[in-house]
Each structure stands twice: as C-alpha cells, then as structure tokens.
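In what comes next, subunit A is part of two complexes: it sits with subunit B in the first one and with subunit C in the second one.
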Partner chain A sequence: MTDRYPGYDVLARRWTESWNETTRQVIDQRLAVPREPRFFSATEWRTLSAVCDRIVPQPKDRPPVPLPAYVDQKMADGLLDGYRYAQMPPQGEAWQRGLAALDAAAKEAHGGPFHGLSAEQQDGLLRRMQQGNLIGKAWGGMPCKLFFEHRVLPDITHAYYAHPIAWNEIGFGGPASPRGYVRMGLDRRDPWEAVEAALGEGTDTRRKNNHGG
Partner chain B sequence: MTRNPAPLAISATALLGLTALALTLRPVVGTRVVRSRPPVHIRMIDPGAAIRAARRMNRAAGVIAAAVLADSSIEHYRGSFHNKAMIAPLVIASLSLAASVHGNADKRSTAHRVRDGIYAAAALTGLIGTCFHIFNIGKKSGGFSWQNLFYSAPIGAPAALILSGTMGFLAERVRDTTPGVAPIIAGVSAGRAVAAATSLGLLGTASEAALLHFRGAYHDPFMYLPVTIPPVTAALIGNAAFGRARERRPMTRFWLRFTALLGFAGSGFHAIGIARNMGGWRNWRQNLLNGPPLPAPPSFTGLALAGLAALGLMEDHPDD
Partner chain C sequence: MAADPFAAPRAANGRAPDVFRHGGWVPMREFSETEAVDFVVVGTGAGGGPLLAGLAEGGFSVVGFDAGPYFRPLEDFASDEREQEKLYWTDERIVDGANPITMGGKNSGKAVGGSTVHFAMVSLRFRPDWFKSRSVLGYGADWPLDWREMWDYYTKAEKALSISGPLRYPWGPKRPRYPYRAHELNGAAELLARGAEAMGLKWTPTPLATVSAPHGKSPPCVYRGFCRFGCSTNAKQSQLVTFIPRALRAGAEIRDLAMVGRIETGPDGRATGVHYHREGSWRFQKARNIVVAGYAIETPRLLLASATDKYPDGLANSSGLVGKNLMTQSNQAVFGVMEQEVRWNKGPPSLAITEHWNYDDRKDFAGGYCWMAQGPLPVEWVAVQTSSRGLWGLALREEMEKYNHQVGLKMVGEMLPDERNRVTLADEKDRYGLRVARVTYGWGDNDKALIQHALGQMQMSLEAVGATNIFRQEDDTNHLAGTARMGAVPATSVVSSDCRSWDIPNLWICDGSVFPTTGGVNPSLTITSIAMRTADRIRALAARGDL
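Then we have the complex of A and B:
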C-alpha cells in the first residue's frame, strides 16, 4: 500500500496544542479496548473476526486495527445508531443472528465453520449475503441484504476509521479538539495538518510531517 | 427569496474609496495666499501650526497603516498567499508606516517626494485591493450574497489602506504650506478636507464592523460600540467639515478622543474573544486566525487621530 502521508503519525500530536487532556483520555480509552469479547460468544467472535478480515483486509506489516473488538464494544456498551430498520432486530441481536446464520450457511455450503473457509469461499458467502441470496431459518426473518448493508458494512468500516492507524493512512488529524481547522477551502491546508505526498516529494513531505503538530 | 441588499453596501464602500481617491488625485493647489484684505478677526497664525497638523496626520496614517499591516499579514497568511498579489498590502502598508514614522520626525515645511509617492501608492493599492475583493466576492457561487459578504475577503480591509494613503497624502499637502499661511487642499481649507475624509472613513469602517459584528450576532453587548460611537463621531466631524469656522468644538474633540480609545479597547475585546475560543490563547495558531481580528479595531484610532488633526487645523486656520 502506498504511503500517502509519509512520516505522519497522528499520535505525535499527543502533547501539542492540537489535543487537550480530554482528547488524550478519549484516545487512550480507544486504544485500550480489550481484545477479548465481552458481548459475543467464542464462536460468534471467531466468525466476526473472519468477516472483519474480509470486509477490511489489513496489511501484515503493522498491528491491525482491532475491528472485532470495536464491534463487540459497540454491542456491549449499547452504543446505538439512533435509528433502526423495522425489519431488523436490535443491533446486538442482529449481529448474533447474522453471524449464526452465516456460520450455518458455511456448514451447509462447504461443510465447515465460516472462519475455517478459504478467503474465496468466505467472499462467496458474503457476496451472496450482500445480494440477498443467503436464505435459511437461522436468519429468523431478518433480510440478509439489510444485515450486510446496515450492520456489517457500517459497523466494521466505522470501527476501522475510529483508529489512529487508519487516520495516519488518510492524513486525518483525529479529534479537532481543541485545535481544529481554519483553512477550509479546497486544496488548502493548515500548517498543523498532515502533508500529502506529491510525486517525487517523499523526503520533503516526510520532513514536514515530522514537524507537524 | 428577497433581493439581497449587498450590492448597496458594495457601492457605498466603493463610493467611499473613490471619494477618498478623488480627494488625493484632484489637482492640488499647494498653497495660496488666503486673503487680499486682512481678516476681520486679527489672529496671529502660528507658523508651526501646519507642520504640527501634518505630523498629527502622519501619525494617523501610521496607525492605520500599522493596523492594515498586521491585519493583512494575519489574514493573507491564513489565505496561504494563494495569490502572489496578496503580498502587496504587506509591502505597501510597511512603506506607509515607515513614511509616517519619517514624516512624524520631519519638521520641515515642504512635502517629501518619496513619502508622497508612497502614500499615493498606498491609496492606489488600497483601491485596487478593494476592487479585487469585490471581484472575488462576485466570482463566488451565490455572488453578492450575505454568506459571501460575511465569509469572503472583506471589502473594508483594503479600504483602510486607501484611508492610510489618503491621510498621509493629505498630510503632505498640509505640510507643504508656507509657514504662517493657511493650508489649502483642492481649493478648500485643509482642516475641512481632512475632516470630511475622516467622517467618510469612520462611516465606512463602522459599516465593516456592522457587517462582521452582525455575522457575530452581536453576542456581546460591547459589539454594539463600534457601530454606535463612530457614527456619532462621524456626524460631529462631518458637521465640523461643513459647519461654521471659529467654533469651539469640545464635544467633537471628546468623541474623537473616545473613538481613538475605542480603537484600542476593541483590540482588547478581540483578545478576550480569542481567549474564549476553544484552546484559548494557547491555541493561538488557530484562534488568532479564527477568532475576531485583533489588529482591525485600531483603524478607528487612526481615523480619530486624523479627525483631531483636522480639528486642530480648523482652529489654527479658520477660513472665514
């Protein structure tokens, strides 16, 4: 993966004027999310982890964003979206039912649990879910297409971009608190923002990013 | 949607700029012997009076130039000097400030060619800048809408450079007077000309404050001060410009001094405003740009100083 913001580390802002004590506490809590499930069962957790690996595959040369842990935290703490499709059960129940149904579909199609399948087999099942073609009693009437679109995709991608590692990839400065943005126009950049690498400018960009804050 | 009244404000400001420029560009009758017959009121004209007044006006031009320099530095830095021309007000305001310092120290009774050139260039740059800012607003989607007037490059800011240049240029005309002779600018008494320019300048600057404080929803009652005090002062000094000579005007002088004070107090209030933004002054790199403009209010001080110089001129050289 190309590094669009070479040398940029959003955590280097920790002691600059960009963050205050509250910001530091929020980020610390986010980085300290337990890596074991509090909400999901061991089986659900394995399936969830496998789904996360297919929805947002992560490079092997850095520690992964703990996606299943963030999804688990959202369920365990009951962090709701504020709305729910009438055809869908509450979020925790939706996930439990959806993961069980996916596992059941894996056993039916390939004779093994979802997490034990090859990446291609997993993708095939997820694609059928996305298209609304995974049908079975285990879904309990929940449309698999809706589950994919309104639980699987948002919960996992939102979890990904809640993590500083993802912020480094997109040059995001994290919470704008207390320091936010002044230059709002297109292609304008505040001096404390990440510098995007232009072609052939890598070294200079790296130097600038190491001085940001 | 209602027709937006913005073009009116634009034309008013443009008119202000043009008037100010007209004052500088009209052929200037440098000096003339005032009267063939001795005036009824025999009064010795202090030979140093014109120079004293000119130096006061140099100070006024300097204060405005300093405000423009600081304000355009901050705001154009915020704009990342996106357009190369954005460096122009920094250069010309610095020069205007330097010319004013030089003029303040200069006790000679002749205009200085370099100062003259700088002041004229400052007024011209201010005029071009004003047109440029107006052009920029018109270019944005929505054109002359309130949104664009509030958040685009301000019209009043470059107009302040017109005022600095105008006051400085007028200072040179006042100075360029034979000692003991009443200074004349463009055929009228210099005091009246400067008073009229001051009155217009105060009204323009108050309009700018009105627009931006309206944007700020007058959330602090003190935000009403620059839209109430300077217009009163403008009326009083305007009255002096067109009213009777030989009148003691303690009220006008008081309001001018009050306005001068208000300019500095305004910066103080703006400093508090910056502190109230998240992160306060510790986050100055954002809040100095995001908060109320710290160097803008002293423009009022500069104009009030010019008004005081005008009052002095009219008292020293009554023209009836």
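Then we have the complex of A and C:
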C-alpha cells in the first residue's frame, strides 16, 4: 500500500482549535490502553493476537495499533453493543469459546495451534469461519459465521479505525471541536485537513501535512 | 475532565446541570416521593421532553425520569466516535427473527434528552395521507389524528426546535417557511442534488434541528460532522437544550440515572406510582398520572413487566397489542467512489434529501421512502465495509483508504406493521434485576419490494454522477415505532388519540410506540408534535375535569 497522505499526523493537531480538553483526555486514554490482557488467558491471547494480525494486517515500519488490547479492554470493562443474537452467548463467553474452537480447528486441519500456522493457513481457516464452515463440539452450538460477523470483524476493525494511526492512513481529520470545517463543497479542503499526495497540490504534500495548523 | 456524569445523579439538591456552561447549575424544584405528583414522565426524549415542558408550563407538578446521565455537552462530549457510544442504550437485549434488528446507536438513547442528543437532526413532516394509510392508501392502519391538526403542531415543533430548512419545501401541502435558513450543502449533498436532477426528481436541503444562525445560547453549527455522537457546541436543538431547560424553568423536576422498573397499580386498577432504581436502591414515587415515554422497546418492556393478578398480560394490554406491531425503518444504502474529493464527514450527515418516492404512488408496493446524503465517520464506515462486503485483511485497509472520495445515498423506508414483529420479555435479567427485552423481527414481502426499488433508484442516481466501484448495503435498519399503537377503538389499539391508555385512565403513552404506521421519513418531529399536542390535550381535559 502506498502512503496516500504522507507526513499527515492527526496527533500533531492536538493543541489546535480542533481539540478540546475532553477530547485530549479521551484520546490520551485510548493511546495508553494496557498492553497486557486482563480478560483473556495467555493461550486465548496468543490466538487472538494472531487473528488480529490477519483481520487487520499492519505495516512493519511503525508500531502496530494494539488491537488485541482493545478487544481485551472491551471484554474486561463489559462495554456492550446493546443487542445480542439469540444464538450467541454473552460477548466474553463468545470470544473465549470462539478462540478455543478456532484453535481446535487449526489442530484438526494443520496439526498445530492457530498462532503457529502460516498466514495462508490462518486466512483459510478465517474464511471458512466467515462462510459458516467451521463446525465441531468446541463451538457449543454457537454459529461460527455469527461469531465472525458479530465479534471478530467489529471488535477488531472498529478498534483499528478508532485509532489516530488509522485516521492518518485514510486522511480523516479526527477530532473537530470546537473548530469544525469551513470549506464544505467538492474538492475543497480546509488548511487543517490532510493533503492527498496523488492529487498533486505540488511536490510539497509532506510540508503541507506537517504544518500542524 | 469534568466530574463523571455516570458516577452519581447530577439533578439533585435543588439544582440541575446548566447545559450551556462548564460546571454550571440551574435551580430545580424537587418533589416529595410520598406525596403524589400530578404526573410522572418516564423518559425524557422526543416524546417525554415536550410533555414535561408542556405539563409544567400548564401548572402541573411533574417529575421526569431518565435511566441515563445528565450531560453538559460543552464539557462531557469528546469529538470521538467510540467515546460517545456512552450516549446509547447498550444494555443487553436479545434479537431474533428472520431479520434481527441491530440495536444501539441508531435506535436508542440513554441520557436526559434521549436519542435526540445524538440524532442526525433530520426533521420531516409525515405525508398527510399517511395518517389515513388504511382508508386512503390501502395498507397498514389509520391514525386517529387529523393531518390538518398535525400540520399546525408540526409548525409549532419546527419553531420550538428552530429548524433550518428551505424557503419552499417541494412536496406536500403548503407549510410556513422554516424558522432558520437552510444550511449550505457539502460535497455529498451536492452529489445527491446532481443525481436527482439527472433523474428528473426534486430534491431539497434537508430540514435540520441544528441552527444556521445564533439562537439563545446556541451558536450556529460549525460543521464538525460528529452530530450522531453528540453536539459538543450546543448548535443541535436536542431535547437536552430545548424543552428540558424550559421544563425546569416552569418547575419540573428531572431525575437522572433513575431507571423505572415497574408501574404500581392499586386495587381500583389505577396507576399509583413508579418503582425506580437510583443510587443503588429501589425507591417509589407516588403519582396521580403516569406517562410512559421510553420508545418502542422500553415502553412495552415496562408495561409488560408491570403485570399483576388483575392485569396478567401487562398494563394497558386488554387488546393484546402491547409489544406487537413493532416497526423499524429500512435504512439500506448505495455507496460509490468519486474521482473528486468529497470529504463526506464534514457538516451534518444528511444535508440534502429527495422525498420523491413518498409522493408517487405508481409503484408495485405499499408505503414510501426518501433518501439522503451520507457522511459516516471511520468506525461507522468500516462497519459498512465489513457487514455489507465481508471485507477484512489488506483488502479492507485498501478500501478504507478511499474514504475521502466516497459518496453514498441512504434510504429511510416505511416498513409495514405486522403483529409477529414484537417485543417480549426474555428470561435473562439485566443489572437492575429486570427481565431484558427480546426483539423479534422479520421483513415482509412488501418491505423487501420497497427496499429493492429504493436500492435501484439510489444506484441510478450514483451512476448519473459518475461514481464507480458501486456497492449496496442491503441489510441496515434504523428508527423504531409501534408496540403501543393509537387508534379509534380499544379493541384494536392501546391508546386513544390523546395518548391515553384505554384500560387505565391515568396511564398515558407518549413516544414513537403509539405510531400505527411508521411512514417513509424520520419520525422524531412527529413524536415531538404528538407530545406537544398531548400536553395541550391534557391541559384541556384537566380544565373540564376529565383527568
């Protein structure tokens, strides 16, 4: 993947009019998420980390967004979605059962735990889960497709796109309070928004993205 | 950061939060629990808010209960999607049926002000014919309300909420000009307009409950685009900053972090008060009248949970209709990619609308729909990409990088009432020890036909503006209605046109639950208009000794 918004860093705007004090504290807390699991066991944590690496593969040239930590936080703090499919157990139980079942499927298919498999083998198992084709006692009646759609995908991807690193990647300005936006129309950009390299606002994209305005 | 609004109630000791000042307070009257107040209102959203203000201004003693906290937006709201999920009702609910409803941000609120604290501010009138859907259009059920009277209440509601809108609205009978000028269009709204014009359809800037010029202590909207996550500047005219402050000034009391779990009824069958949970214990408030305004899930849940030997099927349920005829609205969308930068997150998300298909009946299905421009924030957007396309891995990250070039159109469509779609009580209990709601839903053939029609039309519109990589979001729903419908006779409805329950004369229901049909536009302005009417009706009934 190319760097669409080179040099753009939402966090550089932390002391501008786009961030109020409440927002600064909320984002600080997000960046300081505990990196050790509080909810998952060591075994579950290894499997979860491997799943996160495949659901949102991250580049090696920057520290990763700690996705397993955010999933653990949601479970440990009991942050609920507001609904649960009747066939699904409560969220923490769903994760524990789903991770164990995925490991069982890995052993059955490839003779080892999920985290030890190759990326291709891991993707293959995740695709089978997405299609509803992983079955076995370990699932305890929980449909693997629902587990994939309602736990694996949202819990991991929502955490990623709630992180400033992901906002930089997609050119989203992040916080906008009290200052909002002025230039509303098509092909209009406020000076504090990310500049897209391909649109050729000259060769100084990186400088414009660094000005911190 | 300010003191935690979840830690302890803020509305107490003779004062309530001043929503317009950091750390500010306003005086609040307080009532005794052991002396009956004239009215208890359960819920403080689009239905409860106007009722609290209208009743207090009419001289009644009134206490409003909300299970959620009492926020001061200026200090409590971060500019952040995740953090602001604190505005939603995220307690457990069980969903099932052929098309289970996704509950949460799009159809619930848990705060003083209810879901109006985070609604998208779209403030539309129902098409007049919808009040007689059965007799005029041949589907659903008739409302016991006359559209001309509703037209007057819509005007009052639009004034009370300082709605910004176009000079001339393109559809329906004449209406007065909106109190505030329309907001300018953003890129996403411009594309809706171009697409509609290419198809020969009318469009208009959407009437919105966010001010386009200063109003009282509300500054004009600055186009942050976080509307669905709470307005941190108070430009949004939610109940929290409009009717609730009015209610306090007129002598109403608000109790925040107060979950009502049961309505008590006496030997004569009348309601006598509410049991509510606040600060760790169950308490009881005596009342001469009780209004339930908890929306289409919590309202039937409370009525069903208040069953007694005399009312074994729950309160106000001699018709057997409490919890039945739950309706949601179809909220499918079509998305595409533009060569231009759209940057759709700027400004309110739905700045332009076409209601054409609400006013054209040459279709092979019943009901109508509108569509609006879209501006999902990153977490909302990834939820669309994963749920509609099943994307993950590198493919997902690559698609997400197109964020600033995305464009989309999203419908709000009418789903028909069906008794099989309903709210019941599950065996599972919540943190208060109350049985959680089970929400059962399936789409009918008419619903599916309407959705397919809308998807086809929205796709045509996107193709007309040159969008590429077009895909459909086939499975989304949003607002709720039904579960305690109003009607002309007790056998086929739960409440009268005055929102008064047929069975228990001092029990009222005033929220989206009373809708017999749900229409093809966002419901909040209709809920608020009905609540304003109900307050007037209660005052009139009291004046002639009929309470």
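As a working rule, the second predicted complex is superposed on the first by the 202 of 213 C-alpha atoms of A that agree within 3 Å, B and C clash if a C-alpha of one lies under 4 Å from a C-alpha of the other, contacts with A are read in each partner's own complex, and residues count from 1 in each chain.
As a convention for this text, contacts are C-beta pairs under 8 Å (C-beta built on N, C-alpha and C of every residue); 3 or more make two chains touch, one makes a residue touch a chain.
This is a predicted model, so every value here is computed, not measured.
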Fit or clash - subunit C, subunit B, common subunit A: clash
Which superposed partner A:Pro154 touches (first subunit B, second subunit C, both, neither): second
First, second, both or neither for A:Val182, with subunit B first and subunit C second: both
Subunit B versus subunit C as contact partner of A:Gly111, first or second or both or neither: neither
Subunit B versus subunit C as contact partner of A:Glu17, first or second or both or neither: first
Subunit B versus subunit C as contact partner of A:Gly141, first or second or both or neither: neither
Residue contacts on subunit A - larger count, subunit B or subunit C: C
Which superposed partner A:Trp192 touches (first subunit B, second subunit C, both, neither): first
Partner chain in contact with A:Pro63 - subunit B first, subunit C second, else both or neither: neither
Clash with subunit B, by subunit C stretch, listed 165-173, 273-281, 327-335 or 471-479: 165-173
Doubly contacted residues of subunit A, that is, touched by subunit B and again by subunit C: 20, 177-183, 188-189
Subunit A residues touching subunit C - in the complex, by the definition given at the top: 1, 4, 18-23, 25-27, 30, 54-57, 79-86, 90, 123, 126, 130, 149, 153-154, 157-158, 160-162, 166-167, 169-189, 193-194, 196, 199
Sites on subunit C touched by subunit A in the complex: 1-2, 75-83, 85, 88-96, 100-105, 108, 184-187, 190-191, 221-226, 232-233, 338, 340-343, 345-347, 377-379, 381-383, 386-387, 390, 392-394, 396-398, 400-401, 403-404, 438-439
Of subunit A, residues touching subunit B in the complex: 17, 20, 177-183, 188-192
Contact set on subunit B toward subunit A in their complex: 78-80, 82, 278-279, 282-283, 285-286, 289-290
